[in-house]
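Take a look at the structures below.
One chain, chain A, links the two complexes that follow: it is found with chain B in the first and with chain C in the second.
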Partner chain A sequence: MKARVSEPWVEAPLQRFADEARVTFALLLQPSGQVLGQFGFTRAMDVMAACSLAAAINVTAAQLGRELDGTPFRELHHAGRERELFIAEANTARGPLVLLAAFGDESSLGLVRLYFRELCTALANAAPAVAPAPSAAGRVDLGENLERDLDHSLAILFGRARPDPEGMLSVPSSIPPA
Partner chain B sequence: MPLVNYATREITCKIVYYGPGRSGKTTNLHYIYEQVPSARRGKMVSLATQTDRTLFFDFLPLDLGTISGFSTRFQLYTVPGQVYYQATRKLVLQGADGVVFVADSQARQLEENIESMQDLHANLAEHGMDVRATPLVIQYNKQDLPRELILGVDVLDDALNFRDVPAFTADALHGHGVFETLRGISELVLRRLSGSAGGSGAGAASRGAAPGAAPGAAPGAAPGAAPEAVPEAVPEAAPGAARRHSRDAVGSA
Partner chain C sequence: MSTTQFTGLITALTRQRGVLGCLVVSERDGIVVDADVRAGVDAAAVAALAAALYRRARLCSEAAGLSTVSFLQLESEHGQICAAGRDDLVAVVVAEAGAPVAQLRTVILQSVDSLV
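Here is the complex of A and B:
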């Protein structure tokens, strides 16, 4: 199975971690909950739900550590009946990243921790200092059609219009109330 | 900052619904969840108490579709409104690309609204975010309640909207104004990402939905009304109407 990433520099480290540590699922995300890469998930939206929860666990554990121990908790492990969870933070030039890994009988906590250390090193070496930008201005050019496209997308999303085969917006004659 | 994947042309943004307890933040997300086809949304995650009060956050991922060539996803979060959850509100706010402040229009809730807005500003500052530059819209919810119980939009604006940000009246329980609010914050966030915030966004901010209009009914058409068609006397406006002060905003971004 191949890791899927939103930024290319995390692909090789994440793939190696997933393969070597033999995890069932792996997620690499920003502390705010934005996914950078995933392994083993089949539906994008489930990835997002897992990211939001992993980010929440990570940030609350860190805060709890500060309150109770004076330093943030940076690594968590939970042994479930069939799967075990491992959540930990890796520091890179792009800021801290959070790893969520789930594994079963084919792996172990020791193996996951061992390859997590390697993942930290690989990410630290691979991380570009700043986020890549598509233009000299470093901005995403959403163009002059942003407003039209936004209206179009939201109208379809809320069932207030439907796209026709040519991609033009089609408005029902009787528009349902909000 | 929103997560942008230039290779696959994908944008992911984090939007946080903020506001005092029981103002209707979770109700907004529930309405969106019910309206949107399952293929375009993920699971709604609610970390709530046994009495359904938000304990940590609600989370709803949305696939907006393609906007200006970018596949666009929004992650909608709510925060717990109760005062004693201050720490968790701050945690959820981390990395937010835009904020919807959901105010309770009831007169008796005015103090709570003001305290929550101050709390938002303090938490943004603690995250190093410039409150003047952070995309923000305000929703005056519960406008369906009897008039004697709620405050007019002018009063709410004076108390809460000193930045003169886009504001929307709403009845989130029945969905009025929910769409318009989401549209408002979406545009601000994407315009900021595009580096043109404050440009034509001003026009977008001043647009509103006339009573009975169908927001988003046609591409390029304002949801119901052109900017100049928005009446100044909005207290009588239908839920979902947006307004923007004509006066110079104090401390406006």
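Here is the complex of A and C:
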């Protein structure tokens, strides 16, 4: 199975993580909930829901860590009956990214943590050094264009739009529905 | 250094000649329960990969109708990894190439009974 991405620089690291850690699902997103890449999902709606929940869980866990420990929790693991969930942040030149991974008997928490470490290094090395420049159609400013950016990322992921040649997000004039 | 229920097992194994480290690992989670390893041995990585290897070996052995795995040895160019488990816990030993395997095997198998 191939990882699908809205920004090309995350493809190789995410694919390697998914293959090596043998996860069932993986999502790479910005803390705002904007998806950058996914592995294992077949429906845009599922990605959208998972991104929203992952972003909410991440920010909640970070705040809970600050309240309890004075520093954000680094990662979160939930062991379900059949599937387990792992959420953690990776720091890149483009800012922090959130990884959500679901795995079953084929993998383990230790393997997911191990390959997450490699994913962090690979993302840090692959991340474009500069933040995306404002485009003619719209600025990459999540405050103003968050909803359109979320829709556009999903559209790229599911083949309904193309990423910019530089691999940065831009806002098209018409956005296909998610 | 604090002592745990596995301190005796780990001490007995790390005392053997050529041993670079010993870990008690959860087979299901692949994470370190207790360990004593020399600098340069990535305990978290060894735990995750050795647990996965041991689990696959156990499933393979069971699928072949050979019952459970009693002892697993992996020989590499510069050393070896030995493992034996009980229930969900696996004792993993990282040793130099010249370490006496027969002796290590005996000690590991004797120690495994204390993995509860």
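FYI, the second predicted complex is superposed on the first by the 130 of 178 C-alpha atoms of A that agree within 3 Å, B and C clash if a C-alpha of one lies under 4 Å from a C-alpha of the other, contacts with A are read in each partner's own complex, and residues count from 1 in each chain.
FYI, a residue touches a chain if its C-beta (ideal position, glycine included) is under 8 Å from a C-beta of that chain, and two chains touch if they have at least 3 such contacts.
Just so you know, these numbers come straight off a predicted model, no measurement behind them.
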Legend entry - Partner chain(s) touched by A:E82 [first = chain B, second = chain C, both, neither]: neither
Inset, instruction - Examine A:Q34 and indicate which partner it touches, taking first as chain B and second as chain C; both and neither are also allowed. - result: first
Inset, instruction - Report the partner of chain A that touches more of its residues: chain B or chain C. - result: B
Inset, instruction - Check whether A:L114 is in contact with chain B, with chain C, with both or with neither, and answer first, second, both or neither. - result: second
Inset, instruction - Classify the contacts of A:D69 with the two partner chains as first (chain B alone), second (chain C alone), both, or neither. - result: neither
Inset, instruction - Can you check the complex and tell me which residues of chain B touch chain A? - result: 1, 3-8, 10-12, 14, 35-37, 40-43, 45, 47, 56-57, 59, 61-70, 72-73, 75, 77, 87-88, 91-92, 94-96, 174-179, 182-183, 186-187, 190-191, 193-195, 200, 204, 214-221, 223, 240
Legend entry - Complex contact set, residues of chain C against chain A: 25-26, 28-31, 44-45, 47-49, 51-52, 55
Inset, instruction - Flag every residue of chain A that touches chain C in the complex, lowest number first. - result: 107-111, 113-114
Legend entry - List of chain A residues in touch with chain B within their complex: 6-8, 30-36, 43-46, 48-49, 52-53, 56, 59-60, 63, 131-134, 137, 139-143, 145-161, 168-169, 171, 175, 177-178
